[in-house]
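Shared chain: chain A. Partners: chain B in the first complex, chain C in the second.
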Partner chain A sequence: MTEEEKKKRGFFQAIKEFVYGMAAHDSYRFAMKTRASMEHLFILITMGDMLGVPILPPYYSLRLLPYVVPQISTWKRRMLREKDFTDGLA
Partner chain B sequence: MNSVVVLIIGFFVFFIGYRYYAKYIDAKIIKSDPKRTTPAKMYMDGVEFMPTSKNILFGYQFKSIAGAAPVIGPILAIQWGWLPALLWLLLGAFFIGWVHDYSSAVVAMRNEGASFGGLSYKLISPRARIILLCFVYFFLLLIAGAFGAVVVNAAIDQKSSPVAWLFFTIGGVLAGQMIYRWKKDIILATVVTVAISLFGIWLGSVAPSNNILGEGIANSRLVWAIAALIFCYFAAVLPIWRFALPINYVTSYIVFLGLLLGIIGVFVLHPNFTLPAYTSFDIKIGPLWPIMFVTIGCGAVSGWHSIVSSSGTARQLEYETDARPVGGGVMFVEMMLGVFALVIAGTIYASSSEYTAAIAKGPIDIFASGVGKFLGAVGVPDAFGRAYGSVMLIVLAVTILQLVIRFMRVATSEMLGDISPIFKNVHIGTIIASLLTLALILTGWWQYLWILFGGANQLMASMALMLMTAWLMSQGKPYGWTFYPMIFMFFTTTTALIVTSYRLFKQVCSGAVKGEALVGNILMILVGIFLVIAAIILAVEGIKAFSRYRALRTQPAAAVA
Partner chain C sequence: MIDIPLADIFEKYPDRRYIMFGGKGGLGKTTFSAATAYYLAKKGKKVLVFSVDPQASLTDIFERDIFGKGPTEIIPNLYAQEIDADRRVKEYQEEIRQKIFDMYGMNKIPEEIESYIQAAAAEPAMEESAIFDEVVDIVVKGGYDYYIYDLVPLGHALYYLSMASVYDAWIDKITGLREQMREYDQVAAVMRREKELDEDAILKELLYIKERIHKSSSILTDKEKTAFFFVLTAEEMIIKDTLKAAELFAKFDVPLSGYIINRVLPSDLKGKNIPEYLKNRLAMEEHYLRVIDTTFDKQILASVPEMERDVTGLAMIEKMAKAMFG
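Coming up: the complex of A and B.
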């Protein structure tokens, strides 16, 4: 690919990203926030097993545990970070 | 002066401001470093903290900050003459606007993506946080009132717009259903729903609301205010993917297309300004200083941007160096949107008397006529172009309105939820926000409401600049570039709020305000007074914090001496 073609492609890529940012990036962020709130529920369900106190029949929560464990560190950060309602504005 | 010359001057200011001033601040004072880890990378959770391309963030920031204000403000402010309005747009954005947006993003980015509440707690004082959050709530109420009034006025003045409004709502809901439920191709969903919205605009132009509903309903402020708030109610309580987001998605294409064709139209027609460059210092809506400086808000400087920059954008910046194009660059683009609105207002009427007659009816008709004229230059029929212009304005206003109602609901829950659990109910929170907004829309005087909104918006900018100055002082960096804009904005906006509240108070005492108008106007006076008092308390807290930082800076020198 020549230098000019690269530049042209970069320009069109930038336009594409700009339109995406204007039209759809918000939707993506809200989808991610919805997913995060579902993850919070899973963490709540498996919290007993994490602490060593099974609340649900262990079979089910232990099956969920491997999916939840990788999210623990980001979940802790989200929970412990100071928030106010301006967080919801963007 | 020719409109193309004005646009070229605007681009020149954009170029100099962005290329030299912003670059100097970014490189020499902030010392942004692409190798330094941003909160988006350090705390990446794929939800709020997420490294994102600067081009995407550019579009995201533009969509989040561009409401109806950069359009309405210049159209109203041209009553003082187009020259003062143009100068404030250009100089305001150059010295204050971009500084405010950029520094809000930088401070949040350098403080682990903290939001305004956390920043004011850390940089100013614990009391400052509480007052700032109360301030933000009433600021949101004024935004809701002002933008709600824009929607209602547009529905009444432009009879083609309600049908188009209905169709873009249908198109948006369908888009959500097609994309998220039926899992249809996004391009197909976009084409179908944008086509439905365009069809609605055309249908509105041939079947206006008064022909369908009769003059009584078509001209009723109550009907359209309730329609706007029902729209916002759905946006606030329904899952965001079902209503608010897909509608915003579909309508963003309408706005983008309209702006693009409109600017091409200006270059094709290149009309001269027909209105005077300067009229008088003191006009009917108030003196040039301070009232004009709050009438034009977004476009020159706006406090709303600081909330978007700090809570949203700062957590997604991939590199520190992206803060300049995203924070600063987008502000200059919005300045150009304001200049475009000024060109529309200044060139479409043959004389001042025509403009005076038009502005008496409100700015919506002026914008719709202007868009109709400039779209006409690229082959769009006049009736369709006018309908398109009014829909653009409704879209710009209603996008922010539904967002604000949603967050007033969240704020009500957070602030009053501990007093009684009933306030945590989503419906109660939304109804409280809607009723307060309804009172302002139906009973508040439109021009005063707009000025109060502008005053609160700019005062918010001044508060944000105070946080930036405190942070710069705490870091031992030069702070004049945020301090002097803060001082200017603080005195201008508090004076504007005091003047407007006093004028309203005088009208109430003299008996000029009667009946139901008393509710909205007294509410506006109370909100205006509250905002001034809150701002003064915050300023006192800010001065104490500045003294603390200055004392810290002088301590080592004193010890050496």
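Coming up: the complex of A and C.
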């Protein structure tokens, strides 16, 4: 690759990232945020009894436990922190 | 009194390989399961009778310690099995721990996770679910002509059945959620121009669970392959409860094959010089037998007399089989 080509490529890369930042990054973040909420909802449904919310017999939810081990602590924190909008009125 | 002899049902529907006796506690489900297994085994069929009750009593009726020992041959062609739910739960917990070790290379399970694993095993539904799961293993494995379920008392049996449909609906919901999550992953991946996503291991696991549950609930409700018999006695409360339970079972699409009356007093007692107490019992029984006749019209398959002693051991089981199948 010549010096010229490298410059060109760097320029295009910059444009690409700029356009991505303008147009798509917010959507990307939104998608990931929604995805994370759903992940927490999913853990709540399957592992709810960890918070004292038994949803269903735990035999099969135990099967899923290994996959959510890394998320458990952030999930617990979030579930216990999350507030209803009515809390703001009080 | 008897509308279709029980033996005829087995002759007429040889495809009905999953045999179940339901009814209130203490009416003779285990006795009938054992006697039916004996009868079929003597006819040359390979039979497995197994208990889905954590308080199983096949060990007592066959007078052989079979608890947790897998299928045990009692007489040629007749195998009996009692599931050790406790052990299965323990093994299952260990499996989960091992999986966590393998996946994350930890040398100790985080405290939070460990306490969850232990708490989950203490849940009352855990034993039932573990047995439920093992039954799937037994049935999927195959190898027998007949499978006889020694069921739990009515309430539990209904729970067992409803569990299948509740689980089914639940799994559908979360599988849907999981698939939706995957869509968001895909959108994000496209925007970032990333390559293919990894396979969703959780989704795969959910589909496996779904398949397991489908398997057992499909057997319980398979009209071609399953015969469900109700056991009752000539008493008012039992008739009422049986009627109620039969309606509920019908709601879950369990194919009812008919009713068997147990503990009928020997009719030659009548006219003999018997004490007042027995006379009253006989009169009461006669009345309720008529009630049964009209309530479960054309569905009575056998009327089994009260035996002179409790049914344990092969000699009494044989006698019972004779009384049931003639």
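Methods note: the second predicted complex is superposed on the first by the 60 of 90 C-alpha atoms of A that agree within 3 Å, B and C clash if a C-alpha of one lies under 4 Å from a C-alpha of the other, contacts with A are read in each partner's own complex, and residues count from 1 in each chain.
By definition in this document, a residue touches a chain if its C-beta (ideal position, glycine included) is under 8 Å from a C-beta of that chain, and two chains touch if they have at least 3 such contacts.
Fair warning: this is a prediction, and the values are worked out from it, not measured in the lab.
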Contacts of A:21 with chain B and chain C, given as first, second, both or neither: first
Partner chain(s) touched by A:63 [first = chain B, second = chain C, both, neither]: second
Touched partner set for A:50, first chain B, second chain C, both or neither: second
Partner chain in contact with A:31 - chain B first, chain C second, else both or neither: both
Which of chain B and chain C A:77 touches, first, second, both or neither: first
Touching both chain C and chain B, counted on chain A across the two superposed complexes: 20, 24, 27, 31-32, 34-35
Chain B-touching residues of chain A, taken from the complex the two chains share: 13-14, 17-27, 29-36, 74, 77-78, 82-90
Chain C contact footprint on chain A (complex, rising order): 20, 24, 27-28, 31-32, 34-35, 38-39, 41-42, 45-47, 49-50, 54, 56-70, 72-73, 76
Chain C residues within the chain A interface of the complex: 92-93, 96, 99-100, 103-104, 110, 112-113, 116-117, 119-120, 123, 125-126, 128-130, 132-133, 163, 166-167, 170-171, 173-174, 177-178, 180-181, 184-185, 187-188, 191-192, 201-202, 205-206, 209
Residue numbers on chain B that touch chain A, as the complex places them: 43-48, 50, 52-53, 55-64, 114-118, 121, 129, 133, 136, 186, 239-241, 245-246, 248-249, 252-253, 256, 307-308, 310-313, 403, 406-407, 410-411, 414-415
